[in-house]
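Two complexes are shown next, each including chain A; its partner changes from chain B in the first to chain C in the second.
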Partner chain A sequence: MKIAVAVKQVGAFDDAPDLMPDAALVPSTSLRRTVNEWDLFALEAALELRDEHGAEVVAITVGDEEADEALRTCLAKGADRGVRVWADQMEPDPLTVARLLAEVLRGESPDLIFCGAQSSDAMHASTGTALAGLLDLSRVAVIKRLCYDVEANAVQADRELESGLVERVSVAAPALLTLQTGGNQPRHANLRAIKQAERQPLEVLGLGDIGLQADDLERAAGAHVRRLAPPDRSGRAEMIEGGPDEVAQKILEIVSSRLAP
Partner chain B sequence: MSRDPRHDILFEPVQIGPKRLRNRFYQAPHCTSYGSDLPGAQAYLRAMKAEGGWAAINTEFCSVHPSSDSLPLVSARLWDDADIERLSLTADLAHEHDALAGVELWHGGCVVGNLESRLPARSVSQMTDESLYSQSCYELDKAGIREIQGYYASAARRAVEAGFDIVNVHGAECGAITQHFLMAKFNRRTDEYGGSIDNRARFWVETIEQVREAVGDEIALTARLCVDTLNDSPLGIRAAEEAHRFIELADPFVDFWDLQAGGWVAAEWAGDDVVASRFAGEFSHRDHIAAARAATSKPVAAVGRFTNPDTMAEAVRSGVIDIIAAARPSIADPFLPQKVEEGRYDEIRECIGCNVCASRFPQAAPIICTQNATLGEEFRRGWHPERFEPAKNADRDVLVVGAGPAGMECAMVLGKRGMRRVHLVDENAEIGGCMRHISAYPHLGEWGRLVNYRQVQLDKLDNVELVLNTRLETEDVLTYGAEIVVIATGSRWRGDGMNGPTQAPIPGAEAGNVYTPEQVSEGAEIAGEHVVVYDTDGYFTAVAMAELLMAAGKRVTMITPFPNLGPSLFLTGEAFKINRQLRAAGVEIIPSHVVLEIDGDRLSGVHAFSPDPVEWSADSVVLVTQREPSDELYRDLHSEEERFESEGIEAVYRIGDCVAPRLIADCVFDGHRLAREIDSDDPSVALPYVREVASRPRELPDLAPISATGPATPR
Partner chain C sequence: MNPILVIAETRRGELREVTAGSIAAGNELKQASGERLIVAVVASDPDRFAPELRYEGIDEIVTVPTAYEHFEPHVAEAALESLIGELRPSVVILSHGADSLGYAAAVAARGGHGFGSDVTRVAWDGGPIVWREVYGGKLEAKLDFLGKETTIVLVRIGAFPPAAATDDTGAVRELATDLPAPRTEHLGFVEPKTDGVDITTADFLLSIGRGVGEQANVAWLEHLAERLGATISASRPVIDAGWIERSRGVGQSGKTVTPSIYLALGISGAGQHLAGIRGAGTIIAVNTDPTAPIFSIADYGVVADLFAVAAALERLTVEAPCEA
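So, the complex of A and B:
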């Protein structure tokens, strides 16, 4: 069995970002790069499945050289191979990313594809779904827990719905599954595994390697980010100054005035 | 992140007579046990605060004359020219950082033992202080009063010569002769220095006036006034009455006021001046300060264990104070002002209010801090709280096992020293180790700041990874891939009753109705209605057990071999209040008794001074006797020492309680020390520190008698 896990290196804010006016991107100096949390749960689900049934786990990412770090994290945790694909000046929107992933995965022919349900930075929650569409695969989204039925070559997955309801679905392989957080405990890599992962070669692919042209990506692109900005201040917040008694008094006045008929 | 404009007010300069504070941050006088005799330690500790942005630093209380010799407690001294030279380093270093330097002049009257000078104590009235045994003082006559005032003036001149900018005529914390004259409790005189408030104020006002004359107009003069003794006695000081009137009388002679409330020394004041976080939060004396400040238009400084700039700004904006005075917050974070100034709020290492700093004073031991392991190490070890040298072996990976006080600190400092990768691994879901229980004890929530600060720091360090929910066994550690391994697995309470007084286990301790503090914290079902807490530990744990059990509806009896419950709590100034609170809550406290055996619902023992057996009944027993290191992992690792090389391990160290259970402050220090010295020849052994000790006299004094009344200068 082969399981592919699509992982994304996301930017986490240490502090409030310094945005340029009309910028479409967060400057990288404001970001700390890390593996998308949802993808770590997806990877763990794959590794657990491998531990139980045996499989090759391939971590795949779309990103520049810095994203190698994300693949090495996956290797250290136990992924067997790491593949990175990248095209300069590509729009990092979900459809473009899915297009790149789809071509890599066509070559890999995995039995199962695991994705995080969403990414913590862009939060589109659509790369996995788009990828399933491009590959014409069955898709089950937002899975909390899963198990693999060897005889049926199918996955049984629990989806958590509103009010704590659990929906149990069954899907035959090949299929694409997107994973929610919290369903497992992503394993931790010890220093030896991290060091070994540093020495392990990664497979790096460009557009030509997967048979795509730059205009294929342009055609694939969906939404285009125009501007990134903090929300406009509504100007309606009032800071109440003073000691505890004064603050309490002021709050009382405000509440009383609003309650007044 | 930039500073909140609401805090700009804290960085306005304040004119104090002829001097100018560059901002409103003022390190209030606090003890260190360095005095004048450890001038290097004294100066470097204060200089660190000056560097950290405090506009003024101060010495501790500074004795003006050998007739006020505080031994075994350590004060600074300005008795003679040699003291000028010693203390001048403090002023010099403060000036290098654009801070003003202050000295707090003090004469103790009846509260001094004069164990060194052997001079008889003298005071306002013939009075015995409750903190001294078998000795008393004589009442000063008018000539004696002039003499004491002369000592203040002479010492003030020496302070100026030493380079100090601020002279403080101390009369606070119920431990100075100035305040004793002011207080009806001490002042039983019938002459013009006793009786009415104006008469009782006379000595101190005259003294301030004479000091002003002695120092001239170039020095900022202040007085530290206790505005309220926080007791119920009609003989105490009340802010709106005695304090208000005293401020009116002395106001013309001072440039600003240094106000505080409560006293330290005796049972009556119950340690209310340095109130621990279990009793009060920030600026708990606000109302008293506000009432007294109404008497003056001069700038007012007051302490309030301020760590939150919002509280500070509000205290200034509301007009209660003009100057943020701080002792403990400046101990926990000498760089607090700079961090506020730069808007680095999450970097503030907030005082947890444990009072371990203050506990060192009654022990005549150098000051330490639970939060700030570098406190007191500025001179002798050259440690800086905010600066860390890259380690020479920074290419190594480190595994720290156990994220308690020692492990957190060690990993943080190793991270700051740029080690390649540091993995801090803990079996629990959160960092903190023993602090997970301790900060959940009743009233000790602020102690959680110890963990919060380190959590924030660790999160910021890209080379440190927190690995939680992971228990490492010996094989896991051996194959972890770290070149350096640090074991910080803490300690646990002994369940067998092993204890100091008998140095043996307590037979019967293994029974089902006997519990350890961990079991209580983890929610064990405690059998029955009446529980005995047996405390041979003497600190906060037994108190917490009693409080937790009471909260669970139990009736609690505390038995302890100590003559009073919690001897360590007397050192931190918490004991009086705790004892009162426990008794008021219905806890029976049985001191001076040793438990020898537990047999079902019976405990048997003896009184400390009687061989006759004593028996008590209890449904359950909680043993707070002693802790033992949880050092199994460390020992097992060392039994596999021959594998270290093949596994790539260069060294395995242990730190904190896992070496020997002790104060949290000492565990934090231990973790810090190892990380600071991780690149020394043998990090398992502390590098020697600079010892400040007197050298052999070059010339021996002749044997002629010296005057009993005047200070003697070594020849």
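So, the complex of A and C:
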């Protein structure tokens, strides 16, 4: 069995973003980079399945050289291979990313593909489902837990619906699943594995390697970002100033005035 | 003529409330574009929902019968492809919820359509324009879809106030189409556990988020809640970590709450969390990050370390010693 896990090296702001007016891209230097939290749960689900049933686990990412770090994290935790694909000047758009992943995965033919249900930076929650569409794969989105039935070669998955409701479904492989956080406990890599992962070669692919041209990506894009700016916070909260005691006093006053006696 | 198409959503035989929000977003685009607004229902018995779709602005209801009782992403995907082929809408609107997330992006990718998800605002300038939050709400992106005949938009649940009700329903017609067999099998629903506490009826919630840092800090805050006469609740990261039982989780995947007071300690305010607290009376948020999105919905905000504020609250609520 082969399981592919799509991962993303995401960016986060530690401080308020400092952008040029009318910026449409975030300067990558202002971001702290980490592996997307959701993807770590997806990877763990793949590794647990591998530990129990045996499988090759391939981590795949779309990103520039900085994204190698995400693949090395996956290798250190136990993935067998790391593959990165990248095209200069591509829109960071879920349909474009899905198109690149689709061409890589056509060559891999995995039995199962796991994706994080969303990324913490772009927050589209759509790349996995777009990928399933492009590969015409059966899929279950936003799942919390899964178990694999060897005889049926099928996955039973708990879909997380709104308001705490869960739908249990079954889907036959090949299939794609997008995973929510909290369904397992992502493992930590030990120091030796981290060092080994640093030396392990990664497979790096460009557009030509997967039979695509720049025009294909332009057509694949679902949207164009025209502007990025801090959201309008007018009508935002009345800020309470002062030291902890003053603030606490004011909070207690608000509480007692709002609660029925 | 390229209408605005809204997909009505049903679950367990009922029209879902999120549909009224999607129709509201559709109405904004209808008014700005001058196009018609069509609402489609894809279900095993879609006609029964038509009389319930009494919202202002609906010009026509299109029903698509399926042979399958429950939502199924591959059936829904084929139905949406048929609807787009038949109606050639300029915009398709669905909610950014668990069902839509299983197929809308697949339709967009296969069809080469425009696509934007978790959308909080819409406008029209020769075509749709949408706004959505990125980087945990620290930035807002403005998107356009130039060159796309059809754009699929998933609107954040709760971002658009429900469309106004009316006595009339639009004209109803059926779109008969061959739909594929389901590719997933429904095995059943699992109801949320309640564990004896119902945070949806609490009048005062003290809610804790990722800012609590570690499990060791939770007991103290539970004790503070008790002292303040509040019920403790939590945002998703705290629930996922298992520090507080799942029945106390607030947000789109947890509970929607309506307390008089919602005191949020260390909660940044992800969109899915804010969806669960829009009905709260007074929201007070304490967070170290002045740009946290929770401050955009809170009535009162405090930029401070939650532990310093919690310690002060604890000191102030210690019973005063008897005066000698």
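Here is the rule we use: the second predicted complex is superposed on the first by the 233 of 261 C-alpha atoms of A that agree within 3 Å, B and C clash if a C-alpha of one lies under 4 Å from a C-alpha of the other, contacts with A are read in each partner's own complex, and residues count from 1 in each chain.
By our rule, contacts are C-beta pairs under 8 Å (C-beta built on N, C-alpha and C of every residue); 3 or more make two chains touch, one makes a residue touch a chain.
Everything numeric in this text was worked out from a predicted model, so none of it was measured.
Contacts of A:R192 after superposition on the shared chain: chain B is touched, whereas chain C is not.
In the superposition on chain A, contact of A:Q200 is made with neither chain B nor chain C. Legend: residue contacts after superposition of the two complexes on their common chain; A:D158 is shown touching chain C, with no touch to chain B. In the superposition on chain A, A:V225 contacts chain C only, with no contact to chain B. In the superposition on chain A, A:A237 makes contact with chain C only, while chain B stays out of contact range.
Look at A:A141: by the touch rule set out above, it reaches chain C but stays clear of chain B. More residues of chain A lie in contact with C than with the other chain of the pair chain B and chain C.
In the superposition on chain A, contact is made by A:E167 with chain C only, not with chain B. Once chain A of one complex is fitted onto chain A of the other, the partner contacts of A:R32 are limited to chain B, with no touch recorded for chain C. Residue overlap on chain A between its contacts with chain B in one complex and with chain C in the other: 16, 239.
Interface residues of chain A, counted against chain B in their complex, comprise 14-16, 32, 185, 188, 190-195, 239, 241-243. Within the complex, the chain C residues that touch chain A are 11, 70, 73-74, 77, 96-99, 101-110, 112-118, 129, 132-146, 148, 151, 154, 157, 183-192, 203-204, 228-229, 236-237, 239-241, 246-247, 249, 252-256, 260-261, 263, 271, 281-286, 290-291, 293, 295-304, 308-309, 311-313, 315-317. Residues of chain A that touch chain C in their complex: 11-13, 16-17, 19, 26, 94-95, 98-99, 117, 120-127, 129-134, 138-142, 156, 158-172, 178, 180-182, 219-220, 222-233, 235-240, 244-245, 247-252, 254-255, 258-260. Contact residues on chain B toward chain A in their complex (touch as defined above): 1, 6, 286, 314, 317-318, 397, 399, 421, 423, 460, 462, 467, 469-470, 476, 479-482.
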